[in-house]
Structures are given as structure tokens and as C-alpha cells.
Amino acid sequence: MSAEKLKLYQVGTFAVGNRLLDPEQRTVQARMERSNTLTSGHRACRGCGEALGARYALDAAMRATDGRLIAANATGCLEVFSTPYPESSWQLPWLHSLFGNAPAIASGIAAALKVKGRNDVRVIGQGGDGGTLDIGFACLSGMFERNDDVLYVCYDNEAYMNTGVQRSSATPPAARTANTKPLGDEPGNVFGQGKSAPLIAMAHEIPYVATATVADLHDLEDKIERAMEFHGARYVHILVPCPLGWGSEASETIKIARLAQETGLFPVFEAEAGEVVAVSPIRQRVSVEEYLRTQRRFAHLFGDPPRADVIAQLQSRADRNIRRFGLLAEEAA
Amino acid sequence: MRSQLEGSLAVAKAVALCRPEVISAYPISPQTHIVEALSDLVRTGELAPCEYLMVESEFGAMSAAIGASAAGARAYTATASQGLLYMAEALYNASGLGLPIVMTVANRAIGAPINIWNDHSDAMSQRDCGWIQLYAESNQHAVDLHVQAFRLAEELSLPVMVCMDGFVLTHAIEPVELPTQEQVDAFLPPFDPRQVLDPDDPVTIGAMVGPEAFAEVKYLMHAKQMQALDLIPDISGSFSQAFGRTSSGLVRTYRSADADTIVVALGSVLGTIEEVVDELRGEGERVGAVGITCFRPYPLEEIRAALQGARRVIVLEKAFAVGLGGIVGQNVRLALSGHAVSVYDTVAGLGGRPITRRTLRTLIADVLEERLEPDRLAFLDLDWKLVERELQRVSADPRSGPHAENILRDIGSVAASAHGGAR
Amino acid sequence: MFQVRIHGRGGQGVVTAAELLSVAAFLEDKHSQAFPMFGSERTGAPVVAFCRFSDQPIRLREPIVDPDALIVQDPTLLHQVDLFAGVGPESYLLLNTSRSLDELGIGEFLGTLRADRVLAVPATEFAREHVGKPLPNAALLGAFSALTQALSLDSVTAAIRDRFPGRIADGNVAAAQAAHDFAVVRRDEVIVHA
């Protein structure tokens, strides 16, 4: 990744577009010619991180591929709110098959394009954390190990949101969901479970793996465009806060995503062929408590009695990520 | 060209002649030789251009076929038994989306208990998933059905499964006439999809449909499948003209026109049934056979026509509806409602138990001599003594152990153990 | 119709033997069918394979219960599996063994068969000599041809060449030839004695 990080607050990551910026350095979103691949009129909740992430990712992918893109979408919020029959907000060829097979569908599309010699057209597979990490996991791993020419994007809102906020393997420990309520000895989702999709993707040694959040638009777009420079299996994992499921303010989606990164709870990095090649350093480190307080799914940690012990455990996880990925300049491994 | 070869290989060659563009393969007995042979054909370039995907499961196999077909490629896969079940969700998806995928099902029993041998429980379990279901009687028939299947699927825009008895046909080496590439190309034009994922003309496929439109969409699926009842005989006729041999389309009759007693069945057992029909005819019995080639859509009128005039119809099937009775039997009764005819449902061949001339002759004799009652489910060749012993054992002690082990011990296949298995 | 049932163990080429017979019959413009009966693949387990051939098309799909010829590739099956089920007084019996038939402990049963239709062949030895591996199937087929004269040795060797590449085919053909010649000598001896 070779974009220059500008230190001026005005035109850094907080700026979607700014007339002081060189046109070439503007985000896709800031350009008139953006595809609006996920166009307006969809039925997402206000403040939906996934709608934002999908628009950002797909417009960047469309720019990178000159609009020659086909998408395979898993069942989930994105699929449901974007295609309220008979309307569709997709402006690219788009197929929704099942919950658990988006990676395999994408593999099939890629194979068809290859056999027809259509190497100008690229494929994106996309889905939420449930469809990607749980029910779609076997298909995802198969796509990775075959190195099929697919970019898979996971929009991670850390639970099965469309069905009413149930726990997935991406749900963080201590988080409240409909089936991990703050009842009993361990309030919320238990510690010691869950899996890291980006690390698993890296273990397959596929050409490119990256994580991103909706807080850093330049970074997200760069990563999608970078991914499109590769051929073979690629994976981008985007943290997308869900105001409804997380119990957060609709207007704070981007802020919360930023806090997730700046606590270290959500490491933002890039990897190629199984090795980390770049990280987004934490500019101003934030305690996990500040992040947790923004979401009602963690409210029980501040209740009666407060659970400082659990917060401390979460802080350790953040600390570990910071160490592991070298997220603080002075603490680089 | 006439060759002596294994059924699986014959089918692989027939499929290759149909120029599939994407093949997704996951191995399961007894289909393995088909996907292995296709892999060889792709690797040597004999089948090209073709992408051969080694997927992670049958669910992945059907899903990849769905993606490929939606993107405009002629797609093919093969499976059996457990694999067919594992892709069940995707089967419904493929038919709902109207994708003309062709799949071979090497019929095999479904567990538990696990069993790798032939019966029809796998395909029967998916009879209502919206796929067209064809059953081959021989390896020649299987070859011919596959060629017709691609054309049928693409003309209707519906997926087709070609069923062939696992091991009995897939692993049987017998003479097969394989068509030439020129013949198949003339019969099967390139795939021209009704809708396709293409950046030059974007479409959204697979949206949610609510209560206000779902019923109509489903009805249209049914109506579309019913069109196959007209299209299959057409294609079968064209096939005859193009390839110089008849290939059963919907239903095939054997000496049934003046028969008093007709045996109805699907698949390879029809060969043995025909032998028995000939023997009994030689002894003065007016017996005939009807083979159902197309089970879905169900050719009700053709079956009714084939069976009219018979006083007795014996349905012989290799699967059954647990808790109810015969599956094919129920479907046949539907065709015969209102007719004065006795229908005998017999289940045979489960889990690969051979169906022989001897047992068939006994069955027909039992029917003719009224030792069997119509309208009561019968099991051919079942060892009732074993069953009764086991039932007694279980009622005496619900913890007497697994049925299968007790039965095998009774038969002597498993030595009586030191752990006190009751004898 | 001529029906052959072949018994052996997994890994001994029983299924291939049946296939080769069916191809040999095909090459003689006969209709033929071959198919196996086995469990999940594993070496050493008992395997049965069948071959039918006829001047008429074959429609039957049942296992062969009344074989015209029985080939036993592995004599250790003798007292383990019901090998002889359906073998009638006119049936041919071909056993792979380097021992004499008397030593196999089936003398009483053999007494029910025609002496000129029973033969013990050291097929494994022929195979070791000509193929370099203890795969007795080709040798047994050569002996089958001589014993029953239901299919010619030329057809059998053509089927072998059709199935196997170059040197492997050569070895198997040599084994078949050797066993064939062995069988002819024994066959003629029995006729002389009769």
C-alpha cells in the first residue's frame, strides 16, 4: 500500500473529499463518476455500517475493474435490504443463492468467466460474518485453497443481525446478543470461543488478505483496489457497526468503527501470501472502556454490579492485538 | 461407435460430448469413476474448454454449478445418496432459479445405517425439489438420456437429474454405442441462457419474494415442469432420428398391450423383469412390464394409458415412504384412480439386495394365486423371522443393542460376542 | 448364455478379470456383461465378480447364482465363503493353487463335478514368472479359455492388450499363454484317462 498518509487533520482520513486534495487522491466516493453500485432506495436501517461498507467496497471495486464486475451475495442483511422485490438497488450483475454458499457461487462464476475467456470481468463474493465464518466456512476455505479468482468481502457486524441479533463466531466476548444475554455467571458471549477470519485466510496463504473499517474510507478503498491488482483468492474483512444490534447511536457508526480500531480490538492490517505486510498504526490509543460505553450490548458491564474484571479481560485482548500486530509505533514487535 | 466399457466411463464420455464448460466434482461411491474419467478428459484436452473444479463438498458442487450456470456456462456435476442430501438446499435453489444444470445421480441407499449399495431412496427423497428426474434402464439408456438431458434442461431452463443405479449400472461393463462429436453438436446447440450475469446488461437474480407473489412464482415452476411432458417425447423423437435408435422418453412398455398383469418399475431392474415376462409368457401367462423413465414430472396420462386393460398392477420399487408405504405405488395409484384394477405395492432391492428372476417369479405367482393382498405394502425377500426375533428382543429389553448387529449376528455374519449378545 | 463367477480378494484383480472376459466376448461379437460385488474398497476382503456372455442381448441384472464356470483366484476363501453356491454337475471349476486338488480338502464336492471340467492351475506362479507380481487373473483367464473353450485365447489376449499398456500387457499375455498351455496338457491328460 503506497498511499501517503497526510497528517493534516482536515484532509486526512476524516475527509471523504476535499477540494484541497489532488483529484487523484480523492476517494471514489468523492468522485462524480462513482458507480453507485449499491444505489439509494435500499431498506437498510439508518446508520447501517454494512450499507456504507458495501457501497464503499463495491464502488472501489467497480473503479478498479472499469465496471466489469459480477457479485455473489450470501443471504443476510445486505441481501435482504438491497433487493426488496420487485426493486433492486444493485447496478451490477448480482446473484443471491443461499446463506452458506456465496464463496462457492463466486467460484462457479469465476470458472464460467475463465472458460469463456472473459478475463476482463472480475468476481466479488460477499456476505456477513455468519454467512462467511460459520455456515459458509467450508465453501470459503474451499475457495481459498483452490485459489479461485475471487475477492471475498466479509461485512462483519459481529452477529446474525438479519434474524434478530444472534451470536456468531465473530461475536466478541461479553457482548450481549439474543442468545448470549447477560444472565448467569458469564454475562454475554463467553470468552475462549470465536475465530479470526483474517488469520484463517492468511493460513491459506492466499495472495491478499486485509482488514478495514468504515471509519477509514481511503484505507478501505485502497485495499479493495489493491486486492483487485491480484489474481487468485483474496479476502477483505470489514468491520461494520450495526446500530440496532450493537445498541449504538445511528449517527455514531463511523466513530464507533474508529474506536474499535484505536482500542486495538479490531486490528487493521494487510497480508500477502500469509505474511503481514502493513498495519494501520493506532494514532491515539483509546481504552476499551471508551469503546464499550458506546454500545448497549456491553451495558451490563457498567451495571450493578459493574464488571471491571470483564472489561479488564477485554483490555487484555486489545493489548494482545497491539503487541501481536505492532499497532503502536513505539511498541512495534 | 460400439464399445464394451464401464457404465461410469460411458456416461463420462457422453457428458464430455455435450461440451460442459464447468464441471464441479466431489467424490462419493459409486459415482467416483464418472468424475475421475471427466478429470482425465479435461486434463488431456479431450474435453476443452472446460473448467474442472474440485470442490469441498456436494453442497459446494451444486453451488459452484449454480454460479457457473448463472454466468452462462453449461454446468454439470454428479453425486449419490448422502451427497444428494447434502446439496438438498442447493437443489431447490437451482430449480427455483431456473438454471439448466444436468446432474448424474448414481442411485444409492441413504443412511443411517450407512450403506453404499443401490436403491432409489436418494433420488426419491428429492422427487419434489423441482428437478426433472429421469431413470436409466441400462448404460446405453444412461448415455442417451444424458445427451437429451442437456437439451431438455436448456430448452426449458430447468435442471435435470439423470438417475442410474449405483454399482449395478455404473460399475457394469456392457456394450454401449457412443455418438460422435458431430452427432452431438448437431443435436445440442450451444447454451443460450434465458438470463445471465453480464456486466454489459446487469440483472439482479435471487431476490426475496413475499406472500404477494410467491404462490404465483411457484405455480409457474410447476407449469414449466409440466411442459416437459410434451417436450420429452419431442426430444426423444428427435433423438431417434438423429442417432438411429429409440430411447425411452416418458414411459416404456414391454408386452403390456394385452397383459392381465403388469409389473411397473424404474431403472435397471426392468431388464430382469423383461426376462421374467418372457419366461412367463412362454408359460401362457399374460404378463407385461411398464418402465417409468421420467418420474418427475409425473407422466400420469401415459401411465394410465399403459396400464389400462390390466387387471393387476404390481409396482416394484427400490425405496419407500417410511410411515406410509410405497412412493411409486402411490403415484401409480393416482394414475389408476377410478379404474377397476388391483394394485400391489412391493418394495425390493433396498440397500443393494439383489432382485432375481426367482424372487420376481415368486412375487408374480403370489399375486396371481392371491397369496398377496392388494393395497398392502409388501417387502420382497424380507426375512420375517429375523424381523420378528428382533422385535421380540427389543420388547423384552429395549437396551438389547443395535438392530443391525443383532440381525447380522442371527445371520451368522457377525460372531456371537463374549459380551453376551442374546442368540 | 454362459455365466462365469469369479471369487478372490480385493487387490487380486478379480473385477478386472471379469471385465477382460467381457471384452474378450465382445471381440467375438458376443453380447456380454461384467459387474462386481464388493464392499467398501479394501485389499484382502472377499470380492465376487460376474461375467455373462451370449449371442443374444443380455437384460438380466442379477448376480450369477448358477455359474457355468467358477474361477477361484484365492484358495484361502475355500472354507470362509460359500464359494460353490449354485455350482452344478456340469459346471467348470478353475482353482488357483499350486497344490493338488486333493490337498485342498474339497474332494467330496469335487466328486460331484465332471473330472474333465475341473482344473487346479498354479496361476500365481505363472503370474510371478511372467508379470513379476502375484496377480493371477490373466493366467486364470488363459486357463479358462483352454478348459471351457467358451472364448478363444486370442480374444483373451486381445482384451488384455486393450486394457493394459505395452510391457504390462506383454507380461500378462505371456502368463495367460503359459496357463493356457498348462491347461491344454491337463485337459488332454484327463481325456486320455477317461
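To keep things simple, chains are lettered A, B and C as they appear, and every chain counts its residues starting from 1.
In this section, a residue touches a chain if its C-beta (ideal position, glycine included) is under 8 Å from a C-beta of that chain, and two chains touch if they have at least 3 such contacts.
This structure is a prediction, so every number in the text was calculated from the model and none was measured.
Novice: Line, ring, star, complete or other: which describes how these chains touch one another?
Specialist: Contact pattern: an open line, chains touching in sequence.
Novice: Nearest chain to the global Cα centroid?
Specialist: Closest chain centre to the overall C-alpha centroid: B.
Novice: Based only on mean CA positions, could you tell me how far chain A sits from chain C in angstrom?
Specialist: Centre separation, chain A to chain C: 66 Å.
Novice: Using the average of all C-alpha atoms in each chain as its centre, how far is it in Å between chain B and chain C?
Specialist: Using C-alpha averages as centres, the distance is 34 Å.
Novice: What is the distance in Å between the mean C-alpha positions of chain A and chain B?
Specialist: 44
Novice: Of all residues in chain B, which touch chain C in the complex?
Specialist: Residue positions touching the partner: 4, 6, 29, 116, 167-168, 171-175, 268-269, 271-272, 274-275, 354-358.
Novice: Considering only the defined contacts, which chain C positions touch chain B in the complex?
Specialist: Counting only chain C, the residues touching chain B are 18-19, 22-23, 26, 31-37, 39-40, 58-63, 65.
Novice: Quick check: in the complex, which residue numbers of chain B touch chain A?
Specialist: Touching chain A from chain B are residues 21-22, 24, 49-51, 53-57, 59-60, 63-73, 75, 89-90, 93, 97, 197-199, 201-210, 213.
Novice: What residues on chain A touch chain B, complex-wise?
Specialist: Residue positions touching the partner: 67-70, 72-73, 79-80, 83-86, 88, 90-98, 100-101, 104-117, 121, 138-139, 141-142, 145-146, 148.
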